[in-house]
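In what comes next, chain A is part of two complexes: it sits with chain B in the first one and with chain C in the second one.
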Partner chain A sequence: MSDYAIELDNLSRVFRAGQGKTKRAVDQLSLRIERGEMFGLLGPNGAGKTSTVKILMTVLLPTSGHARILGDDVVAQVERVRRRTGVILGGDAGLYARLSARDNLLLFADLYGIPYREQKRRIGELLDMVGLLKSERTRVEAFSRGMKQRLHIARGLLHDPEVVILDEPSNGIDPVGARELRELVRGTVRDGRTVLMTTHYMFEADELCDRVAVMRGGRKIAEGTPESLKKQTDGQVVLSLDIIGVGEPDLDRLRLLPGVGSLSVAEVDGSQRLDLHCDQQTDVTAAVMAELRHLNVLRVSKREPTLEDAYISLVSGGDDA
Partner chain B sequence: MNVLTRRVASSTLVISRGWLLELRQLMRSRLYLVTAVILPLVFASLAHYMFAGSHRTEGPLVIALSAGLMGMWSTTLMGSGSAINRLRFMQVLEPLVACPTSTFLFSVPFALATASMGIYSLGATLVWSTLFFGMPVELASPLLFAVALLVTVVSLALLGLLLASAFILYPTAQSLANFFEYPIWMLSGVLVPVSSLPEPVRYLADVLAPSWGVKAIMRSATGEGGTLPAVLACSLLSVLYALITLILLRRFEWLARSSGTLALQ
Partner chain C sequence: MVGTLQRNVGASVTLRLFFAAGWRSHMALFRWMRPSAFFPTVIGVPTVQLIWFVYLGHYVGTHPVAYYAVGNALHACAIAGLFAPAMSIQGERFSGTLTAVLATPARRSVMFLGRVVPAVLIGFLTSVVMLALGVVVADVELPWARLPQLVGAVLVTTASCCAFGLLIGAIGLRTREAILIANLTSYLMLLVCGVNVPLESLPDWLQVVGRLMPMTHGIQAAREVLAGTTGAGGLMLLEFLKALVYLGIALVVLRVLEQNSRRHAVLDEM
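Moving on, here comes the complex of A and B:
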């Protein structure tokens, strides 16, 4: 029996991109996730997280390399992997919209081979756990996004799997709903399961995961505990500016300034929030303000880096691990 | 109970419940219901008017049955084909494939459900023909007719599933459904008698289960002999289709996992 719940060895997946071109979605990815561990897979869109999840849920074949769940190969021992793994996909879709919550679970209970005598009890327990018992006869098309996500969780746990894979579970859900979902996810780990979760949200990974790996362009660029990732930003400071009208040429000039590592821009309340990850030893404020003197700068502040900053620093340029 | 018996029993239960849930889904789709309700009536009316203006000698019952069977095949083929694409569009196809049971087990229920809607199609045609075209409701052997109808529904479902199995692999294969609609009508003998087709084509009709189903239905309705052999041929060919579909679905699932086409592109 394998010591690890999930093992990836040089896993790669290449897609045909038309006109004879190929796209390497997952590139030589190796990971070891221990039993009972809560592991986060982070990365921007196109990083290869979902392709990795699909290989593990046995709906996509790897081009090369190996993936094993509880020692079973996801290509050679498909049925065993499927019986021992629960998959919880994020998003609005993935359910029979015209059927009720209970009917959705009944259909999948049959397909997972749950004995008829156990189905009623198991479905009742799960609907109660995810807070959908009162809505069990309501058609899924009338559900909010949060309710659908909770139904996804119930479906993923129907056959009491030892390993659970969650693909962006709180994507697009309001903050209160997302907090409730995180509680549910935490509950699945307390039950002794191994959980692999992909997410965009750093605070979510920080709050839930024992360890995380960051992916970029199909490759793993960092791995460790959230604390160890934060430490990668030791000696850095974030210079944050609220600004109007900043363009790509301005950003290119800022990138060239000595002491500026990486930067990110986000729209915030009609203006742009520009975060520059800078070397603590070099005060770049004056140089930055000089480069942006033709723009309307509303606010300037400095702060300590967070896990979010460590992540941005990694995915926007750092060295590959 | 040995392992095989237990497997057959559990598969039958999975298919039965899946069939009921699929029917429930279909009944809740207004667009599908409108098509399923109106199309057979249009076919029936057209068939009666066309035969009224021709020199052909078929009785009104044969005309109504032929029109009803055309509706059944359209409903089944379109239903089975679009069901896989609907699953893909709803992003349910991947979670279904990720279940430990065979793809065949979640595919058969929706093929059966759409074929069951075909029973309505035939029933509605007969009622419509009786009410508006003066067709006498006289079935020579109601029991054999019921058996023949049931076997034909299953054969249509399995043929629909056999053709639709490619949809697992190719999201664009839906267009093939239109391609297969007319040939099956012709080869099954619902448009013109199979005997009027060129000889090589007639052999093709012999390997189509619905051709035998149509013969069984017609014979049991009109009182001609040979219903049971036709039922048997239809059943045996249906079993053969099921086996081929089982192999094809397994192969297509593997290819779809390899090409990454299970997901909505």
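Moving on, here comes the complex of A and C:
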């Protein structure tokens, strides 16, 4: 029996990209995930997270390398892997809109080969756990995003899998729904399962995961506990500005300032939130304000880096770890 | 403790995968299972088709109108019989469930054959209703003594049509055009399967195509039963054998293309 729940050895997946070109969606990825661990796979769009998840789900073959779940190879021992792995997809996909919540679960219970007597007990327990018992006869097409996501969780746990893979589970869910979802995921780990989760939301990974890996361009560029990743930003400080009208030429000038590392811009309530990851030893505030003097700066503050800052620093950096 | 849920591959689980999951999948994927869609689609379309050809046949005058009524009544099974299995993969893709379904350990042969059963039942019932309509509008005379043979002919025709539909559905693992192929097949059947035009009046090569298509021998068998002549049994057996061959090919194509789609990452392509 393998010591690890999930093992990836030099896993690669190459896609044809047309005109004779190829794209390495996953590139020599190696990971070891312990049993009972909650592991986060982070990265921007196109980093290779979903391709990795699909290989583990056994719906995509790797081009080279190996992936094993509980010691079973995802290519050679497909049926064993499928029986022991639960897959929880994000968004609307993966559920039958015309069926009720209960009928969705009954259908998947038959696909997973769960005997009927077990089905009734298990479905009742799971609907209760995800808070959908009262809506069990309602068609899924009438469900909110959050309800669908909770049903996804029930579906993924239906056959009592030892390993659960969550692909961006909180995508498009409101903050209350996302909090409930995180509680359900936490409960899944408490039950003794191993969870691999991909997410865009750093606070979610920080809150839930024992360890995370960051991917960029198909490669793993960092791995460790959220705390250890945050430590990569030791000696840095984040200068945060709420600003109106900042453009690419302004950002280019800011990037050239001594002491400024990476930067990120996000739209927040009609203005832009500009975060500059700066060297703690160099106070760049005056220089930054001078570069932006032609713009309306609403607020300036300094703060300690979060996991999100560490992530941005990693994925926007040029060198692979 | 996790991972201890009882799972088995016994007969009851296989039967549930075949019947219960097959029926539920049909309910999940096809809007026509709602009465508001069932009557216009499954009954309405073949009704108009049957009446249209009966009156066209009456105008042309080459055959008794019952000829057209019987041919179109049996062709009516194609609405559910051909299109439902043909859409069993593409429908999953449209509803975003294909990846989740193919990530389960369910035996594909049992799962997809189970999806054919509701199509056979609905297709069979449609043809029975259309034969009754034929009695009303085209004076089709039902031989009560030979009713079991007629039921057999309708059933075997529907089964053959569904098996061919499953083959189209299997091709749907690699193409988005399953519904187009099913439409083309349905129209081709009108021409080459003896629905409205006797096979013998077609060019030789089209006769060959017709004999290879589902339905041809089943329709011929139904006409033999109605005419009280012999030979219906052999024709039904031939149609049944064709159904088995289509099913066999469909399951092989499903297996090959599922493996292929894992290799080429085309499962989710819309």
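Everything that follows uses one rule, which is that the second predicted complex is superposed on the first by the 319 of 321 C-alpha atoms of A that agree within 3 Å, B and C clash if a C-alpha of one lies under 4 Å from a C-alpha of the other, contacts with A are read in each partner's own complex, and residues count from 1 in each chain.
Methods note: a contact is a pair of C-beta atoms (placed from the backbone, for glycine too) under 8 Å apart; a residue touches a chain by one contact, two chains touch by 3 or more.
Just so you know, these numbers come straight off a predicted model, no measurement behind them.
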Joint occupancy of chain A by chain B and chain C, clash or fit: clash
Which superposed partner A:Tyr112 touches (first chain B, second chain C, both, neither): both
Partner chain in contact with A:Arg193 - chain B first, chain C second, else both or neither: second
Touched partner set for A:Arg83, first chain B, second chain C, both or neither: both
Which superposed partner A:Leu95 touches (first chain B, second chain C, both, neither): both
Partner chain in contact with A:Ala17 - chain B first, chain C second, else both or neither: neither
Partner chain(s) touched by A:Arg122 [first = chain B, second = chain C, both, neither]: second
Which of chain B and chain C A:Asp103 touches, first, second, both or neither: both
Where chain A meets both chain C and chain B, residue numbers: 15, 54, 57-61, 79, 82-83, 87, 89, 91, 93-99, 103, 106-108, 110-113, 116, 155
In the complex, chain C residues that touch chain A: 1-10, 12-13, 16-17, 20-21, 24-25, 27-29, 31, 33, 95-97, 99-106, 111, 262-263, 265, 267
Contacting residues of chain A [partner chain B, same complex]: 15-16, 54, 57-61, 79, 82-83, 87, 89, 91, 93-99, 103, 106-108, 110-113, 116, 139, 155
List of chain B residues in touch with chain A within their complex: 10, 13-14, 17-18, 21, 24-25, 28-29, 90-92, 94-101, 105-106, 254, 257-260, 262-263
Footprint of chain C on chain A - complex, ascending: 15, 51, 54, 57-61, 78-79, 82-85, 87, 89, 91-99, 103-104, 106-108, 110-116, 118, 122, 155, 159-162, 191-193
